[in-house]
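Just so it is clear, A, B and C label the chains in written order, and each chain counts residues from 1 on its own.
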Amino acid sequence: MIKINSVTKSFKEKRVLGNLSLEVKEKEILSLLGPNGCGKTTLLNILSGLTRQDEGNIYINDVLVSGKVGTKKVHIKPSDRKVGYVFQNISLFPHMRVKDNVAYGLKSLHLPKQEVKKRTEKLLDFVDLREYAKFYPSQLSGGQKQRIALARSLATEPQVLLLDEPVSAVDPQLRESFRLELKNYLQALKITVVYVTHNLSEAFVMSDRIAVMGNGRIEQIGDRTEIFDKPSSSYVAKFLGVNAFKGKGVGTHAGLLEIDVNGVRVFARATDGLVGKEVVATVKPDDVVISRPADEAFDRSLFNAVEGTIIEMTQMRSTAQVTVDVGFLLKTRLSLSEVKKLSLTIGDKACVRFSADSLNVFADSGVEQNFIFKESPK
Amino acid sequence: MNTKYIAIILAVIIIVAAVIGAYAYSTYSSTSSLSPTPTPTPSPTPTISPSPTATATSSPTTSPVITASPTPSPTASPTPVPTYSSTSLTIFAASSLAKVITNMSSAFKDQYNCNIIVSSGSSSTLEQQIVAGSPCDVFMSADTKWTTVLKNSNLLLNNNATSFTTNKLCVILAPGNPKGIASLADLVNPGVRLVVAAPTVPVGSYTNTTLWKIDSTWGNSSSPQYVSSGAYVNFNSTFASNVKSYETSDENVVGDIGLNTGAYDAGMVFVSDWAYANITGSGVQFMAIDPSVNTVGNYGIAVIGGTSNANMAQIFMNYWSTTEGQNLLKEFGFGQ
Amino acid sequence: MKLKFAKSLSDKIIIAILILIVFTYFLFVILPIVAIFLRIEPSQVNAQLHNAAIIEAIKLSLFTAGTATLIAVVLAVPTAYFMATRNFHGKTIIDTLIDLPIVLPPAVAGVALLYAFAPKGLLGPVFNKLGYVLPGSTIAVIIAETFVASPFLLRSAKTGFENMDRDVINSAKMLTDSRLRIFFTVTLPLSIRAIISGAMMTWARALGEFGATLMFAGNLPGVTQTMPLAIYVFLYSDPLAGVMLSIILIAIAFAVLITVKLLEQKRFGNKK
């Protein structure tokens, strides 16, 4: 439905998007996930037509809406693209009532008054806010405002809906419930949706496919299992909180690839084409099991088992994340009760193990990948 | 905020008010100590160095004679020069006198060690300021009317006011005389744009008097100056309909004409105004007014009763009646 | 006056000093105006209000100041919008140039206007062809007032446009392709307060305009003699009358300004 081909955009010498390509399937809800400042909003603005890209083509429904064909430049106005946009800061018209906000997009269609009224009511019904028609935006809560913003964007019957961190304007404790409400609305719409967020769990709740964005381009796109189990770059891994470490493939052993990581040997189920190459290996914290040294006997041939020192312990709501230095850093996740049971403290020696299957290995492209985007080459 | 702080604030206010009050009181009741307020003399005037005889213009009438003379200086006295302590005089003078006073002030200072500070403006305003108590030593007015008012209010030293010179009116024309004005009758031609002083200032009221005279004497068909075009009939009102602006000082009238922007073609001012404009080369041209209808302003001078420097003030006042003073005034267009 | 937030002694002293400063400044501004009003003699004021020349001057002042403000709105608001939303080479210079009339002493502004529009000025020949001479006309008064007062409106409107939430405009852009419609239905209503306050300042400045008017338009009762000019002339001959006129002028200005302020507050409230 949406095809983005090699789009580049710079602002005052700073390159925000570089050769970014992305395809959004028809009627899918795609999350655009990435840290703040990585260019997600810029991409939305380019898609909507509010910003013009420096290079590259944008197609919506196979129509070139912005770009170059041969020597001819095309740029269809935002209002003509059949795209709806819900902004991060809501941006309702503060001086107009709710019903006038929603009806704003209808007015340019020159419909008779009755028709406008009917459609406005329908839109308000869709977001369950009909009784607030005469209110002013300042009288609504954050969540209500966003629903009105949604209704407003639907007035032009768009084929594509863009949402920029819509949940950020809502009170933190109300965010989760609002998220689910929003998801219901989006699913009921049955149109193509691009949903921008920096929040991991939100991306997983709202959509099936996630595009992880970084360094001015799409790093990886896939569903939950794909990107968690098989992150394709250390950037994606780090962003997702998955362990990533570098090493060198040194040989094969019983069908497994042997990797040397700072002197420690680990084994992974991976192709032997990686022997002699620099590699990056990732493993989810959930797949890393921690125990006291020599607590259990286990078959060392099946697991990767290494010893190390606990250097950090972080507590999250009902789980704890423990970081162990085994020559490289490994994060593992376990429940609070388990932490207590094992009486783990910082500085203790611990044993961590993970199966060869849980490792995801790929060749190290050698490009240092950060969260910060680089300056464009001069 | 508790009352303690309100009290502190009030106390500070009262103290500050008391200090200001004490200062104000001492300034206005004392006649000596504080130095006179420096006055804004209009833009730095060059010392009037005598110029070659002012050129007559294309108009048939002649300009007043302004003879070249050496820079006026006080008469070299044969007797040993007395030494004077350093003093100063504040002169309130009609704007038309400002330049001539400035011209003689440095020589005056050399001789009498007395600094002359001139505050010039409209005579009526100056009179009001004197009445209001503005410190002043000598008052020089463009109209004896104002010195008389002060005399009747007992504000003069020894109740003494004299007339020391006169000033006549003349017509000034824009540089190049684009409208080709050759006589008073031409002033009321359609399309001629005039600027004069408002009747509330001396030169303005003299202008009105002159207009009335022209109207009543020349507008009469039996008068020898009556012109066949009847231009002088109702001269007052036809003149007024050509006036595009009333200025509040003669200097401004000269300035408006001298700017030469085409906004004004002619105006009526004192001869002294034209004389100065001529010396500074503004290109403004001169047209005389027939003595039979011209108005002569009588200039008055007096020492103010509250002066703190009566000695010098009297010397200054007397200067203008001397031959030297009268010659200087003639140079500047007065007493023609 | 309770100042619960001032906890320490030094805080209280600072606040006390602050109040003192505010009070002094207030006094400084109000005192001269009060001093004038203390001279009021109602009978005199009444007499002046019946003086034909004064009524002329009042009518002329209100007419010219109002017209100048209207012209300023028509010219300065679009200019402000243009400058707030576009970047171009030399923008800073143009920006400063447009602000210059404020810096010019009014008399100088008047001379500049003469050099531009008087018969011998730059555009003189154009007007001569039309058979029209600007100096000495009421239009010249309006021109002079617009020249010195419109920068206030320009600045205020420009700031109003610049401070607008871009995303609100962007939302409108997504919903309609008529930029004109966006300007009138979204941009303008959201910046109307800045425009109104700018217009108020412009009107006030135009009403009090003296130097440029005298220089460029001249002083002709009924045609170019606005209130400030009339007051000036009166001060020379009849200071009492001049003071009465000043009181009338101050009263008129105050009445208009406060009416606009109150209306604006009522309509828009105290929200930002």
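Just so we're on the same page, a contact is a pair of C-beta atoms (placed from the backbone, for glycine too) under 8 Å apart; a residue touches a chain by one contact, two chains touch by 3 or more.
Quick caveat, the model's predicted, so the values are computed rather than measured.
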| item | value |
| --- | --- |
| Pair of chains ranked first by number of touching C-beta pairs | B-C |
| Chain occupying the middle, per Cα centroid | C |
| Distance between chain centroids, defined by C-alpha means - chain A, chain C (Å) | 54 |
| Distance between chain centroids, defined by C-alpha means - chain B, chain C (Å) | 35 |
| Whole-Å separation of chain centres (CA-atom averages), chain A against chain B | 86 |
| Complex contacts: residues of chain B adjacent to chain C | 1, 5, 8-9, 12-13, 122, 124-125, 128, 193, 195, 198, 200-201, 243-248, 259-264 |
| Sites on chain C touched by chain A in the complex | 165, 167-168, 170-178, 181, 185-186, 189-190, 271 |
| Contact footprint of chain B on chain C as seen in their complex | 1-3, 6, 12, 15-16, 19-20, 23, 111, 114-115, 118-121, 124, 133, 135-136, 214, 217-221, 224-225, 232-239 |
| Residues on chain A engaged by chain C in the complex (per definition of touch) | 48, 50, 77-80, 83-85, 87-89, 91-95, 104-105, 107-108, 138, 149, 152-153, 155-156 |
